[in-house]
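Below is one structure; the comments refer to it alone.
To keep things simple, chains are lettered A, B, C, D and E as they appear, and every chain counts its residues starting from 1.
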Amino acid sequence: MAITLDQTIEQRQRNWLSEVISGQTFWVLIAVVLACIFLSFATDSFATAKNLYNITRNVTFVAIIALGMTLVIITGGIDLSVGSVLCLCSMVLAITMNAGYSIEIGIAAAVGTALLVGAFNGVLIAYLDFPPFVVTLGMLSIARSLAMVASNNTVVFQFGPDHDKLLALGGGAWFFGIANPVLYMVVLALLTGFVLRWTRFGRYVFAIGGNEHAATLTGVPVRRIKVAVYMVSALSAGIAGIVQTGWLGAVTTNIGAGMELQVIAAAVIGGANLAGGVGTAFGALVGAALIEVIRNSLGLLGINAFWQGTFIGGAIVLAVLFDRIRNLRQSE
Amino acid sequence: AKKQLVIVVKGLDNPFFEAINQGCQKWNKENASAEYECFYTGPASTSDEAGEAQIVQDMLGKADTAAIAISPSNAKLIAQTLKTAKPSVPVMTLDADLAADDAALRKTYLGTDNYLMGARIGEYIKKAKPKGGTICTIEGNPGADNILRRAQGMRDTLSGKKGLAALKGEGGWTEVAGCPVFTNDDGAKGVQAMTDILAANPKLDAFGIMGGWPLFGAPQPYRDLFKPMADKIGKNEFVVGAADTIGDEVAIAKEGLVTALVGQRPFEMGYKAPSVMMDLIAGKPVEDPVFTGLDECTKDTVDTCIQK
Amino acid sequence: MTARSRGQLIDGSSRFCINERNCFSGRRSAERDRRRLAGDGMPAGSGEDGRLAAVLELTNISKHFGAIQAVNDVSFSLEAGQVVGLMGDNGAGKSTLVKMIAGNFRPSEGTMRLEGKEIVMHRPVEARQHGIEIVHQDLALCNNLTAAANVFLGRELRRGIGPLKVLDYKTMYRRAGEIFKELKSETRPRDLVKQMSGGQRQAVAIGRTMLSEAKIVLMDEPTAAISVRQVAEVLNLIRELRDRGIAVVLISHRMPDVFTVADRVIVMRRGRKVADKSIAASSPEEVTGLITGAIEQV
Amino acid sequence: MAITLDQTIEQRQRNWLSEVISGQTFWVLIAVVLACIFLSFATDSFATAKNLYNITRNVTFVAIIALGMTLVIITGGIDLSVGSVLCLCSMVLAITMNAGYSIEIGIAAAVGTALLVGAFNGVLIAYLDFPPFVVTLGMLSIARSLAMVASNNTVVFQFGPDHDKLLALGGGAWFFGIANPVLYMVVLALLTGFVLRWTRFGRYVFAIGGNEHAATLTGVPVRRIKVAVYMVSALSAGIAGIVQTGWLGAVTTNIGAGMELQVIAAAVIGGANLAGGVGTAFGALVGAALIEVIRNSLGLLGINAFWQGTFIGGAIVLAVLFDRIRNLRQSE
Amino acid sequence: MTARSRGQLIDGSSRFCINERNCFSGRRSAERDRRRLAGDGMPAGSGEDGRLAAVLELTNISKHFGAIQAVNDVSFSLEAGQVVGLMGDNGAGKSTLVKMIAGNFRPSEGTMRLEGKEIVMHRPVEARQHGIEIVHQDLALCNNLTAAANVFLGRELRRGIGPLKVLDYKTMYRRAGEIFKELKSETRPRDLVKQMSGGQRQAVAIGRTMLSEAKIVLMDEPTAAISVRQVAEVLNLIRELRDRGIAVVLISHRMPDVFTVADRVIVMRRGRKVADKSIAASSPEEVTGLITGAIEQV
């Protein structure tokens, strides 16, 4: 008897492999891989070093923000302000450096701005119990408006003494010819994955998304964690903004416009659940990669401009279809 | 409060309109003691057409408004708004005009001749490659009338025919598959799309960029893309004709990474508009249209091409 | 070790925060638990000497929700090492009462004293810091986490040195497995709670209270969904808690359970306390009468 | 004893008044009223017949769609495609009438398109269990792209033989000088309110949002209801599109861009909860009204263009603050 | 009226759909219920003649979730007018088994026969259409609706003529109140379920089965959270169902309940059926032994 109880307790319902295969992330990854294989055969220009360099670089901005967004989504929240925060942080960086300060000070100012915005969102959501949608929608307006005020709505394209450093930061390729932004993305993704899986903070993020009430009852510092999560989300937007500024070499007040939907889409396609409690760092990357591969393929395949939206939309839906069909099969 | 000379632009998210604002503010500074002031407004986003119409209504309903200059993003919609509002103050258009059959709804048009602008870009391209070739047009927002007009101007010039929606060998020019590209006024997206098009069509001969976004919004990736081709551009083996002279664009021209720039003069529009409106209020005769000029820059003329 | 000094261990553990960046409130208990696991915890049954001290005193506690008077002017005290059965009809206010003790609701009126000192709690975690543990009637589980993760929620075990600490999955799985074994419950620590049977879920919720040395353990219908075999285990657990000098409140609709394990029974009816007497002086029939209202008050 | 059991069973926890006061809608309504009072005093032009006519008319398009969106949100879903569907339906109407068909045929075509799009969304979401965010984001791309294809990306401003009828439909004021769209909005709001409160369909919508699993178990035809709800949402976008076309007198492929966030904001500000189970038709109107009053006031107060975003965002957050403060007080 | 003809009433009620646009499946039951309310329902206790017919037959039913074999090769049959107690340890597979009968899961293997005809159900509502009612262990309540709305969920009462029918709030409140009174539960029909006590929630879930005339009623721990007084009422209710010729399955961990009301007891252990015998031939001790595994099989 004792032995069987022991056995039961040691039993695991699913092994590692079945765990992986049962996830949406896996199936979207398959979709991405299939798309890449198809494009390699259908076009001469897809599988070239240059194109791959471009694709991987383009994917980073959405992917970096999607990492932060994934945390927010896991807690059951949403952050619509990321596109505007990216714009505001880029602008703060640009203006600071344009005024003659060093790149370190510029980055510190941008990061500080991001954290401040995130803290504002987080405090309203966590302590005053505002709906995240309302707060971050408000911030979507506010942050972009502040970027306009700060820059007088002009294009900033001169970054003072450290101009070249900034451009190298975002546009260079210091490591085996991999674009710098890609390196940042990989490092941040590993960090996010580690935090989610191995730290208490990550555990609490999942707990809040699973059952916020239960988390409160068991002594999880729900409010502080929520504030932290929105700060991380804004920070990720700020980092993406800094890197993007270095890449673009100019900041206008409309960068990042409409990005929030793309970012959320990347996270959700990668398996995060807007109802909370589910999501992975890897999924965010896969989702972002899917969106970029679609975008890239439209140009390479020469799709008619009017039809492009249909292809993008269709592909987004199709990518998730894989996973759905598997699910449907299983539940039969 | 002062009476207001209102300028309603398509959207605040565009540095082009900001130059109009600068002109407007300069006028305010120079006419600090005037009975009127210039007031600049518009919806947050250029794509918010209904929002612009609502702002026009709000402004027409305001007692302080003495005259209004509108840059319609949807000409028909603004025409309809004006028809129903039956404004008692003078109305003019700025930067973009109403359709020809609604011309009676406004007193005059002040701004660029967008068709001419596209035509000038077309001429530069044609001059560089008289025998024609393959081309891709980069456009902005799919609904933006001024951009569509520029594209038409360019196509007509290249083909020598009127009103073609796409070039299929007319005048020697062919638009490649996947073009025109709509970038929704996003610089990064514009350059990314150009990169893809170039990768898919290595033999492409020309880009016609109808709004300057890829150059002034993403100058660095633009440079990265065309630096390897600077030689070809110098020898007219590859041609890039682009609109606007905003931000880093002129510097890019100086580096020889663009064949020609054709720019508008938004500052002049914003600066002139209040005077034109005052003339309208006073009932003085005003020309229709009042065109502001174009600044045309090539590698050789960059230091002198911008009207100061 | 008296209940008092144990309380201090819980309250005064700020020294564990040195060298740490995130000093979350839940951490202290986790620390404590680790120490217990490591074998240097407090000896069991140490509370004998504190047996008759009033650990908690409630005075004229009331709670209303809008027009509903859920708890009405209830006073009683809990003594260390005593098991109190709390009985009453559905909606009598039992859960509301213990939720107030657990810091989940704040009383509309009345005061609570813990070891003589008046306490006002704003959050559930404060109750835990005061040494009050509760098994909620609705179990308070996160469906998206594993059984082990739920047991350790709020006081995760971690390993590593200095500020870089990672979750100690292995020990948590092992320890949760031990707890389930102790409860004789066939619950797999690595499985998601979402897919568990009713009794397995309940075992997870009860498991939580076994991690820490509390002063007071409140159990809101802990045996509702669990099988005959585990009921016996839970009752054993309650006895063991009592022997360690912990005050236990057991809410249950099962007369035999209460009469097997409780020292005292409190009966509520429509928010009011209608009886509070020693088990020896009562009988199931009397309690049933009190619950239904056949007997008005004693 | 029996009497007391009866009494308990007859008891109601809260009366009608406390019910109303406890809702977010009520407090946002207060915010709207206060804003209106303030504007009447602060500006000459707010409380004029013309301005009020404009405001009430402007509010209708967002409000009508927010009614449909409210149903979707109550079921716990989201519909991001409404702006694009509005555009597509307007375009279908315009093209049909431009081709010489009567207004009836044009409207039938537009409504048919809307229902088709809604059914597509709904079937994927309900039967294939797609995340609503993904499906409707895909449709956001697809519908606008189809509008471009259908119109060849041109502006349509001639509506054939029934041109004037269409303009009168959307731009006229047949009834006591109230703009026609306002009438449609009121009728649709009453209808929605009735459906939610008095029909079984409405009951099921709430049940699905409260606990979809329980609804399935108790025999609620969850899937069919969900499909219906997305069809209603698309239909409301279609109706708004038809009315707006009549008002604008021209259709471009740009209209309705970015509208989805405004519409969702209106519903959420009006008290709908994105987690599902909560929402009212009246709330949708109040939320839409708040957004319009803010927008209108910025111009009237002569707020600097760059700061406008900050005011809009701030006001959105402030409106909900009323309700939050009350809640916070209460939980003390 | 036999169980058979009652089944036809349920299955063959397409005539109620005439003149109606939305002919939702749940409506039929609502119609039936209205008729019952109006007094022209079937007389109680009419099932005597069907007492010994096998209503439901399960043959070699199994269900696995991934690697977990929740139910393993179980066969038994239910007879009209018989109460079967289903017992077993936590996680033994009881809930999984009845969920399969209720159309909630589909068996991995095995067949079910309802009145001799094989049935395959794809959705829970089909089970209801077949006359199978269930009280779920997790109660399946919508927290944002009132108690009355939850009771009538899926078979709302409506009034009005022709296609324009509106919800009949008044009758539903009244009828739900009657049901709660019958159960002697202090549950307010107009209150939201969210704020209710555990027992009140259970009363709502049980109330559902009292709306319709089923052939089979499955009760998954209906008495877990309810008080002494209501337990008696639920047991009475079960007896009444039996007397009307309905087959009842009662899952419970309370030995006395099962032995008071059941005619037969089935014991499961780790997914397998280990006993199936008449109550008269068994004893609480034997059943406990079977549950824990002290007795292997009988």
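The criterion applied here is as follows: contacts are C-beta pairs under 8 Å (C-beta built on N, C-alpha and C of every residue); 3 or more make two chains touch, one makes a residue touch a chain.
This structure is a prediction, so every number in the text was calculated from the model and none was measured.
Enquirer: Any chance you could name the chains that touch chain A and chain E both?
Expert: C, D
Enquirer: If I average the CA coordinates per chain, which chain comes out farthest from chain C?
Expert: The chain lying farthest from chain C is B.
Enquirer: CA centre of chain C versus CA centre of chain D: separation in Å?
Expert: From the centre of chain C to the centre of chain D is 48 Å.
Enquirer: Could you tell me the distance, in whole angstrom, between the mean C-alpha positions of chain A and chain D?
Expert: Between these chains, centre-to-centre, one finds 29 Å.
Enquirer: Using mean C-alpha positions as chain centres, tell me how far chain B is from chain C in Å, no decimals.
Expert: Roughly 71 Å, centre to centre.
Enquirer: Go ahead and note the Å separation of the Cα centroids belonging to chain B and chain D.
Expert: Chain B and chain D have C-alpha centres separated by 35 Å.
Enquirer: Send over the residues of chain D in touch with two or more other chains.
Expert: Touching at least two other chains: 11-13, 148, 152-153, 258, 305-306, 308-309, 312.
Enquirer: Spell out, as numbers or ranges, the residues of chain B touching 2 or more other chains.
Expert: In chain B, 12, 21, 44-45, 142 touch at least two other chains.
Enquirer: Multi-chain contacts only, two chains or more: what residues does chain C have there?
Expert: Answer for chain C, listing residues that touch two or more other chains: 65, 186-187, 195.
Enquirer: Can you name the residues of chain A that touch chain D in the complex?
Expert: Per the stated touch rule, the residues are 76, 78, 80, 124, 128-131, 133-135, 137-146, 148-149, 152-153, 258, 261, 264-265, 268-269, 273-275, 305-314, 316-317, 320-321, 324-325, 327-328.
Enquirer: Under the touch definition given earlier, write down the residues of chain B that touch chain D in their complex.
Expert: Of all residues in chain B, those touching chain D are 4, 12, 21, 39-42, 44-45, 47-51, 53-55, 57-59, 61-64, 73-77, 79-80, 83-84, 99, 141-145, 148, 165.
Enquirer: Hey, which residues of chain E end up touching chain C in the complex?
Expert: My answer: residues 65, 88-92, 95, 137-138, 185-187, 195-200, 202-203, 221, 224-231, 253-255, 270, 288, 291-292.
Enquirer: For chain A, which residues count as touching chain C in their complex?
Expert: 5-6, 8-13, 198-201, 203, 206-207, 209-211, 213-221, 224, 277-278
Enquirer: Which of the residues in chain C come into contact with chain A in the complex?
Expert: Chain C reaches chain A through residues 22, 24-26, 29, 102, 104, 123-125, 128, 134, 136, 139-145, 149, 153-156, 158, 165-167, 177, 180-181, 184, 186-192, 195, 208.
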